[in-house]
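Presented sequentially are two complexes of subunit A, the first with subunit B as partner and the second with subunit C.
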Partner chain A sequence: MAQIFHRSANSLANITIAAVILGIGGLLWASYRIDQGSFITEVGIARQQPVPFSHKHHVTDDGIDCRYCHTSVEVSPFAGLPPTETCMSCHSQIWTNAEMLEPVRASYRTGQSIEWTRVYDLPDFVYFNHSIHINKGVGCSTCHGRVDLMPLTYKANTLYMQWCVECHRNPAKYVRPREEVFNMTYQAPGNQMELGRRLVAEYKVQSLTDCVTCHR
Partner chain B sequence: MRHRITLLPLILSLAACRQDMHNQPRYKPLAGTGFFGDGRSARPSPEGTVARGELHIDKARYTGKVDGNDVTAFPFPITRADVSRGQQRFNIYCSPCHSRLGDGNGMIVRRGFRQAANYNTDKLRNAPVGHFFDVITNGFGAMPSYASRIPPDDRWRIVAYIRVLQFSQNAKLEDAPPAERQELEAMPVTPSPAPSPTPQKEVSR
Partner chain C sequence: MDTEQPTTTAVSIDPGPAKVLGPGHDYGTVTDKIGGVVFMPFTKTPRQMFIGFACGFVLVNIFLVAVTWLFIRGVGVWGIRIPIAWGFAIVNFVWWIGIGHAGTLISAILLLLKQDWRTSINRFSEAMTLFAVACAGMFPILHLGRPWLAYWLVPYPNTMWLWPQPRSPLIWDVFAVSTYATVSLLFWFTGLIPDLATMRDKARGPVGRKIYGVLAMGWRGSARHWSRYQKAYLLLAGLSTPLVVSVHSVVSFDFAIAILPGWHTTIFPPYFVAGAIYSGFAMVLSLAIPVRRWYHLEDLITMRHIECMAKVMLGTGLIVAYGYGMEAFIAWYSGNQYERFMYMNRAWLGHYWWTFALLITCNILIPQALWSRRVRMNVGAVFVISLVVNVGMWLERFVIVVTSLERDFLSSSWNRYYPTVWDWATYFGTIGVFLSLMFLFIRGLPAISIFEMREVVHQLTHPEEPSPAHGD
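Moving on to the complex of A and B:
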């Protein structure tokens, strides 16, 4: 009986198998990259705001503390965005004729709140709380990046579950002394693990990985 | 097989549910709403009601005034912890204009804001503590009110720290405790800083 398949079919079969495996792998890899890329996660993409508010100017150049505007960050789940009165506490006197501040003045005149575009927005089935992170020594810059250098605010982290849990598994990698939480230029020291373990013991930081911590 | 196909719309409709769970029909803090005329989901409290923890009966503590006069004593004992807290709050809310020394030449003033008050004047050194409380609560001239951002007890702590600033800016070497005096004496003498470029104008109103 004559051979049905030519000899080359052997290698063809092998190549096909390899190609399929590589192809599926490649597809998975590509979709993973897209999923982690800034097109989906919006990391690193500056948001257009009704007023081009610059943290760089207000924080770095003018030395204003985060809490001057984000008043409730230490005591509540919500950091809070400043009401128009807060802007007007300075802009009633400086830059009073600036065109780009007209929405702020209009809001002050009419009492209509400025509608900021959210940069960070967790899905509603996730519970998050700022105050506990601040009080246990997690710095703003650990989660929000160098806000003090951003002319327009952009997202510095994905807020994916794996990102939260990575820290919750081993907080010692990230905690810093409480008085450094608002310091945007803080650099983790060389002996971070040593310091971290000491702080974790001192602040009684737990490792919270139960689903119900965040999904409640 | 036909039956399975009919499942397809069902499965697809499940995908739609995901968004509902992401953006649930409830108000998050500060979210806008079309339901109320002013568009705010956080409602102001109705007139004549008192929220929990907002019943401010102790007039001296919550207004800094008794019978219309500024009180002259702190309404609660000030500890070291209170002063440290006051320092922290002062540096957040007051130093942008009044500077960390309280001389009134903070960064925002240097950018063109009206000259803020220098605390080291006889007028303010002799002012009763209630006056400072009143300024933080109700504002003063060009200075806005900080009542919505600083709770009453923290206002008193800030006042306590202003007293510290007023003292330290006029302190003599003899005022330092002996241990620190030695340390200060060991330090090289630095020339006293040049007088500030914008001398404090008399704050009169």
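Moving on to the complex of A and C:
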């Protein structure tokens, strides 16, 4: 009786086994990498805005405090986006003819708000409050990165639950003195854990990891 | 290799309760007879097979409709309501998982115990195990509410930094059932390899030769192949053995770990395992008896097989009866008002008292007929009793799940459970899935182990040699 399979079937069988194992492993690895990468998370990718607003220019060059524009960050869940009047408090005097700022002036003339694109957009099933974080010693730059160095604003962190929970499980790793919260150039000291533990006790920071803390 | 349809010299007569093989068989006739079921021309397939498969296939379609509707509308289409959150899905899950256990017991434990009557029914019951586990595994996933997130049950590095709760028996289930499915599949497939090679050599068309050839993975039947094969098979049998006990113990923990009266019972693990084997043997009999008749396999699946299975059913049924007795006794002996109320509600006061009465009738009273040798020798009677036990074991799970949940500690939360048409459609749908797979298996693969039957022939013709059991 003739052979059913050619000699090459032996190699083919081995290659198939290897290909299946490597293929499944590779697929899992690739999907994990894609999930973590900026294609999905948009970390490090500047969003298109109606006006190319530069935090770098306003914070570093001009020395404007975060709270000049984000006025409600210390007292409300929402940090606050400035009304056009805030922009015009300077731009009615300087760069009044700049082409780039025409949408701002148009907004001022018509009373229509500028439609900024949210960079940090939490899912709607997550409850988040800025004021509690600010008041318990979580710095702006801890979550938002060095905004003072961003010509165009991008996400510095994934906002994955993984990332939230990492701090919620052990806040001492990230807490800083309250007076340093708005300091964009703050560097964690060498004894962060020691300082963190002290601040956690002093500010009565709780490690809240119940589902209902954020998913209310 | 001749291409003629092999002629069978042995006649299909049952050799009686003493023998595991009919008279006149040699290596060739056994091979031809079992292979003949698969290589039978399409037009000569027994009509009952077509009818059976058609019924199964209709039920598969009902299943698909029921599941589609479930995915569109959510679990609200079922009769579940708080506090009866489990309902049919878990009843059917436990029932199907239990049915699978007979296959593992026959394949692994009876192999290690060198029971000669396991040989012609092991392949068949292993396939049954596999298909039953597939049906069982669907229910908890359908019951999730958002079944497309079922992979959350698996611990894997995820962006939420969450892991499944290791203290929950529901997670133990995931591991128990997936291990069970994997080991059962490996065991079944490993057992098939030498037979697949036989099928490859016997197949008439090039397509059949190729398909069986790929599946046989280059088996040539050399001494080295056999030596390794027997080691592997014995190892797998050893791996499967603890699973007979562990899987259903873990399933019983779903109930026993909870503090609900009627569930929170230490006797659950052994009593569930006995019940699983009980229902599994009932299912093997319910399937083997008709198939044996349709394909005239009375000389391979003899009265000895049927009688042995009937005896196992009787024995495990008595363990289950002891379990019921203990539940009643502990309800009284504990002096706990909730336990006592639960039992009274289950057996007498509740609106589902009749399911309990039916359960006792099906699982305890009727199977007692198997004490009589005349009944065990009557194929029709054994078939009917096996169906009754299948119903009874389903009712057992229904009584445990539903009557306990309907009446929990707070009378303000009491409620009544009524299954909807979608509950029934899903349940009967999985029976269709099971039957269809079973019929396809019988049609496409040797449903009885050819090489092990040849070993039986060898033992019968060479009684002076020590038994060449696996791994010796």
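What we mean here is this: the second predicted complex is superposed on the first by the 194 of 216 C-alpha atoms of A that agree within 3 Å, B and C clash if a C-alpha of one lies under 4 Å from a C-alpha of the other, contacts with A are read in each partner's own complex, and residues count from 1 in each chain.
Just so it is clear, contacts are C-beta pairs under 8 Å (C-beta built on N, C-alpha and C of every residue); 3 or more make two chains touch, one makes a residue touch a chain.
In this text the structure is predicted, and so the values were computed from the model without any measurement.
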| item | value |
| --- | --- |
| Touched partner set for A:M161, first subunit B, second subunit C, both or neither | second |
| Partner chain in contact with A:F5 - subunit B first, subunit C second, else both or neither | second |
| Touching partner for A:L208 - first (subunit B), second (subunit C), both, neither | neither |
| Contacts of A:V51 with subunit B and subunit C, given as first, second, both or neither | neither |
| Partner chain in contact with A:D35 - subunit B first, subunit C second, else both or neither | second |
| Which of subunit B and subunit C A:L195 touches, first, second, both or neither | neither |
| First (subunit B), second (subunit C), both or neither touched by A:P123 | first |
| First (subunit B), second (subunit C), both or neither touched by A:V43 | neither |
| Set of subunit A residues, in rising order, touched by both subunit B and subunit C | none |
| Residues of subunit B touching subunit A in the complex | 21-24, 26, 28-30, 32, 38-40, 91-93, 96, 107-108, 111-114, 142, 144, 148-149 |
| Complex contacts: residues of subunit A adjacent to subunit C | 1, 4-5, 9-10, 13, 32, 35-36, 158, 160-162, 165-166 |
| Of all residues in subunit C, those that touch subunit A in their complex | 1, 157-162, 200, 206, 209-210, 213, 217-218 |
| Subunit B-facing residues of subunit A, complex | 62-65, 67-68, 71, 77-78, 80-81, 83, 85-86, 88-90, 92-94, 111-113, 115, 123-125 |
